[in-house]
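Here come two complexes built around chain A, the first alongside chain B, the second alongside chain C.
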Partner chain A sequence: MKLLTLNFLTCAIKTCKSSPLSFPLHPREVELEILETDYNAVFLRNILPRLEWEALRVLAGELGLPSLPESSPDVSSLSTSSEEDDSETPTQVAQDLHRLLLETCIKEGKLVCGCCGHEYAVKEGVANFLLPGHLV
Partner chain B sequence: MLPTPSTSHVCFDRVYEPAEDSYLLLDTISAPSETAFLHDRFPKASTTPLVLEVGVGSGVILAFVAANANTIFGRDDVLTLGTDINSFACQAASQTVQHAIANPNHSIFLDVINGDLASSLRLDSVDVFIFNPPYVPAELPNFSHHDDYNALPPGKQSTTFEQDSYLLELSYAGGEDGMAVTDRMLDQIPFILHESRGVAYLLLCAQNKPEEVKQRIRAWGPGWEAETVGSSGKKAGWEKLQIVRIWKP
Partner chain C sequence: MTDSEPRGEGYEAQHVHSVYEEIASHFSSTRYKPWPIVERFLKELPDGSIGADVGCGNGKYLAVNKKVFIVGSDRSTNLIKIAKEHQPHAAVVADNLSLPHPFGCFDFAISIAVIHHLSTPERRVEAVQAVLNLLRPPSGGNKNSGRVLIYVWALEQKDSRRGWDEGHEQDVMVPWVLKSGERTKKEKGQKTQRDGVVNSPPEETVAPAPKEDKTFLRYYHLYRKEELEHDIDEAGGTVLESGYEKDNWWAIASPRQQT
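What follows is the complex of A and B.
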């Protein structure tokens, strides 16, 4: 499960949705794996404005990953262009972001709601958000 | 004609096999009128759109959108995310999408989540929503054994016959008028769709009383539209299956 996916997820319990505590979900006892994927410059540029940066910072911190700057990097900091052949080279900021959002995956572990404390299991990379009958 | 993703690795004993309904969704979303609408709604310079399919089954629809993002949206930076209540479908669909975009790897596939409809999605987060529901008017399966049936039996390498029947029932049985599951989904749609650019594609069959469904959607509030944008199996003036687009113009 990609870390970027967590940008779009919250607790499945209806009454938690309105609470700011239900986002982001908090990873616990997590085993991470790196699954490499192609770098996509256009994507990185266009996803930046819709990232919940503060949530991503919290997530990186809780996972013990290198800490992120306080505010979202500017689009202009993602690439440097060469005057010789008009090509664009991704900066370290961009490469780190690519690695964090798309290549860092939760293989096993739990995702915990900060509002109700419910734990959602992640097994073999698949998160299970099904609730027991009494919580639906 | 855009290629249909391969689902040859999927075990159709417990995961819904692509059928006429799946193909109608593929044809509708890739039809010139629909791609023109989507190109216009998600111009290249706008933020990356998130496509969510609920009930992915084999993953054929989500994989089709992921693999043909450039034709459908006119851009490669499209995110795809799926959910399914059947964990075997989650694994199968994930493979289908990854395989379909492997070469060239352009659009970005997130994950397939095991869950009930879109209950784990954040408000306002979905740009394009796709749902091929269990629409057949048939009694809903008994959910009380779901946890047991949703995984391999302890110590076993294969599923049981009862388990497979249950998992397939989930994919087609829609309760009264075939609308029990779709009605629950419709309750969530206005909340998860992005408030200005969100658009949903919903498949309905004739027994679902599509005209009434569309009227109910238009009554959600000012601005909501629901129109039939694809259909198949025309018989004596009524369509067997149709795709309804739900959006705010």
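What follows is the complex of A and C.
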């Protein structure tokens, strides 16, 4: 599961959702893998301003990945455009974000709710949010 | 329907979820052509929109628009394993009634052929509500709020091969026949078409199945005219547009302004 997904995931238990503690979920005993995918400049440019940056920063920190700046980089820092041939070259910032959001994936491990402590398993890259009967 | 089992979660576990898990691979090979209304809804989204496909199955609709980001979800792990391969999107295993997304975090959502699998009126309304809760709430009029497209199977389909129509039983068991050997077959090149119809809801074989074939029965609640709009209203939504397409009722809705 790509890390970008975690920006849109919280605990599946309704009563947790109104608590700020339930977002983001916390990775535990996680095995990461890199699954390469095509660089998509437009997608990255669109998604960047929509991110809960702080949640991403927390996630990167907990995963022991290189730390992110305190605030989201500006969209203009993603490319250096050349007026001559209308081409765009992704900057290092853009390449790093692409790697972090779209290529860095949780292969195995757990995602833990900071509110209720419930653990959601990730197996073979699939996160499972089905709740046991007593928690529904 | 003549069964006496109480409807609800356990009923759906047996008559919906376990069936899809079993038939996932074969079901998936018959599901590749998007329905036109759904395709239009997804293609008209502004680039960079973020949304959910609740009950995404094999992720057929994740392939329609690569300029938006969709987090798909489904109860079936086997279907999610197929769905998660659709870049740039994502897919997780989750229940429609306990979705793992923050309230109001999406611009749009789709619920295609899902709500009709919930087996009581209350659970269907709750399922619609759960999807509406994912959408950005309205601020200063309805214009700015998120929108969901919901698609359910219609009772009124007298011209379909099944021939259901107004006045018929709305809670039905629909067979899915898994031909012997099909379950283990690899999907490559196996675009099985039951009877040439692929962009309509699941079809069973007409011919009597050989002994070793396995028939799965799935529960459906067939929606009658205006029932979907009613459920959306109950769930706190405003219907913006609705209609009928190929044996299905559909509606586009937004969460209502909280008063």
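Things to note:
In the analysis below, the second predicted complex is superposed on the first by the 134 of 136 C-alpha atoms of A that agree within 3 Å, B and C clash if a C-alpha of one lies under 4 Å from a C-alpha of the other, contacts with A are read in each partner's own complex, and residues count from 1 in each chain.
FYI, a residue touches a chain if its C-beta (ideal position, glycine included) is under 8 Å from a C-beta of that chain, and two chains touch if they have at least 3 such contacts.
Since we're looking at a predicted model, the values are computed, not measured.
Touch criterion met: A:Ile47 reaches chain B and chain C at once. Of the two partner chains, both chain B and chain C are touched by A:Phe23. When the shared chain is aligned, chain B and chain C each come close enough to touch A:Leu9. Shared-chain residue A:Asn128: touches chain B and chain C both. Of the residues of chain A, those at positions 1-2, 4-5, 8-12, 14, 17, 23, 37-38, 40, 42-43, 46-47, 50, 102, 120, 124-131, 133, 136 touch chain B in one of the two structures and chain C in the other.
Taken in their complex, chain B has these residues touching chain A: 45-48, 50, 75-77, 79, 81, 83, 85, 87, 90-91, 94, 105-106, 108, 110-116, 119-123, 125-126, 143-144, 146-147, 150. By the touch criterion stated above, chain A contacts chain C in their complex at residues 1-2, 4-5, 8-14, 17-18, 23, 37-38, 40, 42-43, 45-47, 50, 102, 120, 124-131, 133, 136.
Only residues 1-2, 4-5, 8-12, 14, 17, 23, 37-38, 40, 42-43, 46-47, 49-50, 102, 120, 124-133, 136 of chain A touch chain B when the two sit together in their complex. Touching chain A in their complex are the following residues of chain C: 9, 47-48, 50, 66-67, 69, 71, 73, 75, 77, 80-81, 84, 87-88, 90-95, 97-103, 105-106.
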